[in-house]
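Each chain carries a letter (A, B, C, D and E) given by its place in the written order, and its residues are counted from 1.
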Amino acid sequence: MDKLLEVKDLVVEFPTRRGVLRALDGVSFDIAPGEILGVVGESGAGKSLTGAAIIGLLEPPGRIAGGEIRLQGQRIDNLPPAQMRRFRGRRIGAIFQDPLTSLNPLYTIGRQLTETIRTHLDVSADEARQRAIELLRDTGIPAAEERIDHYPHQFSGGMRQRVVIALALAAEPQLVVADEPTTALDVSIQAQIITLLKRICRQRGAAVMLVTHDMGVIAETCDRVAVMYAGRVAEIGPVHEVIHRPAHPYTAGLMRCIPDMEVERERLHQIDGAMPRLGEIPRGCAFHPRCEQAMLRCHDQRPDLMPAGATRAACWLHEAAAAPDATTAAEITR
Amino acid sequence: MSTPVMDTAAPAAAPSTAPLVVVEDVARTFDVSAPWLNRVLERKPRQLLHAVDGVSFEIARGQTLALVGESGCGKSTVARLLVGLYAPTRGRFWFDGQDAHAAYRSAQGRQLRRRIQMIFQDPYASLNPRWRVEDIVAEPLREHGLLRDPAALRERVGQLLRSVGLSPHDMVKYPHQFSGGQRQRISIARALATQPAFLVCDEPTSALDVSVQAQVLNIMKDLQRQQGLTYLFISHNLAVVRHVSDHVGVMYLGRLVELADKRTLFAQPRHPYTRMLLEAIPKLHATGQARTPVQGEVPNPLNPPSGCAFHPRCPHANARCQAERPALQTIGGVRVACHAVEEGRLR
Amino acid sequence: MKSWWMRWWDSDIGYSFRSSPTAIVAALIALLCALAALLAPWVAPHNPFDLASLELSNARLPPAWYPEGQWAFPLGTDDQGRDILSALIFGARISLLVGLVSVALSVLIGVALGLLAGFVGGWLDAALMRLCDVMLSFPAILIALLIAGVGKALFPNAHETLALGVLIVSITLTGWVQYARTVRGSTLVERQKEYVQAARVIGVAPWRIMTRHVLPNVLGPVLVLATIHVATAIITEATLSFLGVGAPPTTPSLGTLVRIGNDYLFSGEWWITIFPGVMLVIIALSVNLLGDWLRDALNPRLR
Amino acid sequence: KTFKWASAGEIPSWDIHSQNNALSNGIHAAVYESLVYYNSKTFKVEPLLAQSWREISPTQIRFTLRKGVKFHDGAPLTADDVVFSLQRAMAKTSNFAIYTQGIDKVVKVDDLTVDVLLKGPNPVLLNQLTELRIMNKAWAEKNKSLEPKDMKASDENFAHRNANGTGPFRLKQWVPDQRMVLERNPNYWGSPNTNVTEIVYTPIKSDATRMAALLSGEVDFVLDPTPQDLPRLRNNPNLKVIDGVENRTIFLGMDQFRDELPGSNVKGKNPLKDLRVRKALYQAIDIDTIHRVTMRGLSQPTGALVAPQVAGWSESVHKRYPFDIEAARKLLADAGYKDGFEVDFACPNNRYINDEQICQAVTAMWAKIGVKAKLRTLPLTTYFPMIQRYEASIYMLGWGVPTFDALYSLQSLVHTPGPGGDGNYNVGRYSNPKIDAVIDRAKTETDPYIRPRLLTEALQLHNDEVVHIPLHNQIIPWAMKKNIELVHRADNRLDWRVVQVN
Amino acid sequence: MVAFVVRRLLQAALVMLAVAFVAFMLFQYVGDPVLQILGQDATPEEVARVRAELGLDRPFVVQFAHFVVQALQGEFGVSLRQGVPVAQLIAERLPATLELALVAALLALALGIPMGVYAALRRGTWLAQLFMTFSLLGVSLPTFLIGIVLILVFAVQLGWLPSFGRGEVVQIGWFTSGLLAPGGWRHLVLPAVTLAIFQLTLIMRLVRAEMLEVLRTDYIKFARARGLSDRAVHFGHALKNTLVPVMTITGLQLGGLIAFAIITETVFQWPGMGLLFIQAVTFADIPVMAAYLCLIALIFVVINLIVDLLYFAVDPRLRLDKAGGH
């Protein structure tokens, strides 16, 4: 299968006074055309940074220090700014968390839409406006002809997020990076927006990288999911597999933390401790201090993604398949 | 976390069977009118926002009542009314048989404040960034004059921190040196300092990651078990609510639309809105299944729909729903405010 | 236990200080000026205020490196035979005194009123903010000019100390407004924060919440403003003295020195005016640089 | 040729009888003429509009007017105009009453003859008449300007902004604080020795800017260059500076009335009442250094209360007590102030040349004998009212003598305050019946031999008693381009009839 | 919006009244005009008479009420120094100050905004550093010093520009302009630059700071994510949002310009209101001072009103038709 987006060994660093911080440390994954990839993980795991690196909008002093990003085989991580700009919007769209602050309050949404359209497509002003109205209609904004001349503050939160989606899709990109598109919204609206995003991307054949905290959303929306921990991908694989047969201890723990509607437990499972801060990430597997199955080698050898059943996980436990004689530290200590 | 920090049976009176918290038809309006001059010139009337409009419920000792609902439905306002941050425009709040708002205004207010504490949503904003953890946790003790001796204070703060799973060595740190979950535990320690009987928790975990959320929820449950705490737990996350609560109240635009035992509510939601909320939860185990989400937007509380406030979004609404506001009544052991349920149109 | 100094040195602000050569140089210069001013009686070669020591025949000597110059007066003398260097040191002392005291007073008044307005709200807030509007409608120089003028007219017998007092009052009166507005703004924001509500739930008295919780959290911008205000105040003082309503010529501030020296601009005795002018600019510049740096250092977004 | 000049002030009005202000008097003189005028070189009174005059009696002087003089609007000069103008100067709203003192009335004899009737013998009538300029009666009537402009009233009188005189120049344009243009009067009766066809005046208040204007060649002449810039101006090859003694003496006065000085640390007595103290203060002043350093030579140190041009002046009263610190210290010690004392000292800061600097220098000199003078300097607007309220213990004053007669000074400054202008500027309220008697005698004495002696005697008594501490007579510098030729006048005004631009 | 304007107007009136009161009260102490009028040898009776004529003997409140009523009719009395109605004097001087202030403001804005934008966008480049250094110097140099140095260099040393005054002016209705007169602009250069420098540096620093703030916002990030060109992002989106706060401060500064003009006008002998005021102060010419203060306050108030109205033009959030959202 052709890959639309390929991220390989992506490293993002922040030079600071306490030395260089590695916020992303060898992130690799890919997205097929039309596919929806969910990205989950704790706050600070590096989800947003991955998205920002892909659309080339890392905030200085953040910089890509290694690895590569390819869109349809073409490297885009080292493009000159002017060229990268033409990719953004046209081939990679983006949606951010807060719909209120994503729109410039001083311009009508119509202006922001037509501006985007005309930046990328060679159309007349009238055509652009027509397209904008259609887009709004597609995203389910009633009376689009009228609302197009309204200002962002005249819309409710859910509507604004629809406008943002319309803007992201205005130039028909092949990939949409959606960074927590529903976190700022109401519980009842969330479902609407996710459904809309899913429908409209399917319709246009756009692939989506959906960053979220909400496992439920991932479960019902995505084809595959990547679980991130401390700047690395801990596990990646088909949604169903990851949720029901997590291969990485972290993923497993995470799944059990989620209060479940179906099963009732007196106490939730909890992963003790907290994700290490940047700059204090331990050697070896970043998760080992919290891992109940940590082995000796986890303390100083960092696992890469390796096949683990139907998914791929970065955990030495699964090297067993490759090197069956390895004993777990847990076994030794027990 | 092993030793209970204190015995909660502080009131000498034998634990009565009467509910600890009784809220009777509490309402709170806010005057959000434009300035006087605008009203005069633009002929606009005064505008009152009914943030909470006649809410009644009870919480028994050692139990948890959860309030759920969309943003802006008045959950936080209820919480603030109970802890005395707002005075109610109508209704009463009885705490342990005492009129709490009368007490807040009188000299006994301090006594009452010791027994009712609150945990806030945002662990980043609810701790003064310029104070040490030690001072933050000790503030209630100092303020109520419970302990004056510095050594005793430190000792007590250390105990409190240990009871929420932190180390007493953390005392000298500042809040920014902690993660979100740890901060929320500091908040809890502060709330526990005065040995309260009733804790109001306004979305205590909605700013936290699931893994951290689990830690905080577990601690809250442990404390309830150990100390017999009573909780009002506010959240919009139904999964969390299901985990922590004994009873659940569903709010819509300032009113309770359904109030039921947890199991009943989740097993058999009555009110169309409750059903809709349950429907909106993405199911972890139903991967890839499409759902039909709630339709319509959250109404403007300044200009609430007539009759049943939910009728514009309700698939079962009829003319009566548009005209008449349903009252909260007990139907089949569940308290619900819906004409359709009452009429048996909806089962 | 490390000293507060060490902790500061290790903190983010300390680091940003260490890594900014401009900040270090500015701080050194400011410190030097401040020290010189503070220790003026011991540092300065002469006491320019001691009239009995002045020799008129020493008047208008050029700096020492000129053939006519004398090393007793390194930067030359003014029209009264005062040593320019000593006059500079003592003048800086007065300028700094006026600047610091008036800024301190402005901060005190402004922060108190702003805190009150923001915290109490209601008519008090409205009234205070209208007052600020009125103050803002008068440009600072104009207010200062008026007050200084009126002050002089009211107390025609006033001597040096009172003249300085009038200066301080007039700069203070124009200065507090910006603090009041800033503090009120941040107080409104801070008041909404949950830690304040937490304190209320605990039952902390309002004024204690105001002083112990809110106040420390609104002081950051005030600090930056105040630093820059010191520079502005020094310049305002100089301008007022230049316009003739400021410090008296017998105990001249830098502004007075420039005003007096201004008469010698074309006459070739440039040192009488240029040195005080340069000194003034150096002080203002170093304080401004410090303020700029502090603004950046305290802004979490720029870190 | 155009003559561009500048000075710090602006004239308040073109109405010649409205404000008695030296600058405007000088400028008015280019447009309006008086009956008689000082010769710029000799300072003797010369005929101008009056061709001749003679004394019919001690109280009646007859003036014959010049023939063929025309106003700028073409009207001929007649006796009516003179009578009108002198009476206008005596009007209530006029500020020129001091120049009409002693005049009873003015009568027309015929078209070109006028009699001035006096209340009594007046030795200085002609001097007074130099400042009384003549306006056209018909023009004033036509333009409703019969009364001098009342500076307090809002009705603007025509003569305030317009002018119609007989002078060699006429007013072309006047924009206050900006620009005043005078142009040559082609029908002028005389043949002045000037090639100036246009005079442009700009007031420039800031000293530095005024100097800059001269240095950059934007003006030809500056009336009041700043003293400290003079060396540079003198060295500039394109410029020159000429200077001359002004008829004004700068001195310090002392409160000799109060029994205790406010602001002094001496309680229960007034040290300034003690002659020894006054003399000590006098002798502590090193006037030569002030002359050399502070004034840069632009002063004429003096021990007298009046300048040499003034009747009554003599070498003997001019001689100062010597500068002698030791003597001063001893005098103080004798008076019981071995360690000196504190005293209040007030000075103007924008009235006299280097006024503030002089006072500072004096303060420093007194400090050396232990007298701690607490100096404060004030702008003239607040200074003069303040000293007139007798609020200063020691003050500075400069006294000019427009009448060139020492009586003017003695009466105002030394005589015990009383009616009729006696002691009106005796701010120290010094009182000495002996001197009073001499001054009173001089008031009525017209004998040209006795009168100067009386004046000198009074001046000498003044010196003996150290009523004031004289400092110096001011020397006024004028700065101009090299190509300007003109005559320096002791009254600090330009004589327009002798200006040459080469 | 009507209500807004009405409220602003009421506030303005209040401010004006306060200003008038303060001004009037202060003048009670500035000096005795009677002595100015009568000169040094006035008799007590004369003084009393003139005091009565001027109404100075009446109670303070009455004087103030009288003053306000008169002021409302534009009647500020007669200058004690020049004997001309104050209104007329001010009208004569106003154009000079306005011209100076406007040119300085234009200069400050025309240079300050681009420099600020540049300094924000190209943070760290040597030119941006230069601008910042320059701006720091600008706020650290007292205006009078700048003026003197400019004269010294450009008028005296180089002789390029005139050092004082306004030169020829052309009358256009009530307004006079030196710009249209031949060579008139040469007179304007130095004072305008002097006056502009301080404002320029302020505006520049402000624009830079605001721009940096705005560049951090989500909508700018989103605009970039949409692939808009840098030009469109910086000047279409960022700059316009920057201008909202910049407008307020600039408005206030413009008022400040007129006040700062006092110093500039003194240094350059610019025949404007500032010079009039300073001279009025030295002569205790109370009517002129009062009128000047009230005029300054009026200008401030009007500018603020205009700025507030401009907000409506720039920021749609303020147009109070809250359709849809809440």
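By definition in this document, contacts are C-beta pairs under 8 Å (C-beta built on N, C-alpha and C of every residue); 3 or more make two chains touch, one makes a residue touch a chain.
Note that the structure is a prediction, hence the values are computed from the model and not measured.
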item	value
Those chains which touch chain D and also touch chain C	E
Fewest touching-chain hops separating chain B from chain D	2
Chain pair with more C-beta contacts, B-C versus A-E	A-E
Chain D-chain E separation of Cα centroids, rounded to whole Å	40
Distance from chain C to chain A - Cα centre to Cα centre, in angstrom	52
Averaged-CA centre spacing for the pair chain E and chain C, given as whole angstrom	24
Distance from the mean Cα position of chain D to that of chain A, given in whole angstrom	91
Where chain A touches two or more other chains, by residue	156, 159
Residues of chain D touching at least two other chains	208, 212, 215, 379, 382
Chain D - residues contacting chain E, complex	10, 12-13, 18, 20, 95, 149-154, 156, 160, 175-179, 202-206, 208-210, 212-213, 215-218, 350, 379, 381-382, 384-385, 388, 421, 424-425
Touch list for chain E against partner chain B, complex	2-4, 6-7, 10, 326
Residues on chain A engaged by chain E in the complex (per definition of touch)	55, 57, 81, 85-90, 93-94, 96, 98, 101-108, 115-116, 119-120, 147, 150-151, 153-156, 159, 164, 167-168, 170-171
Contact footprint of chain E on chain C as seen in their complex	130, 133-134, 136-142, 145-147, 149-150, 153-154, 231-232, 235, 238-239, 242-243, 255, 258, 262, 265-266, 277, 280-281, 284-285, 288-289, 292, 301-302
Partner chain C, residues of chain B touching it in the complex	80, 83-85, 109-110, 113-114, 116-118, 120-122, 125-130, 139-140, 143-144, 187, 190, 194
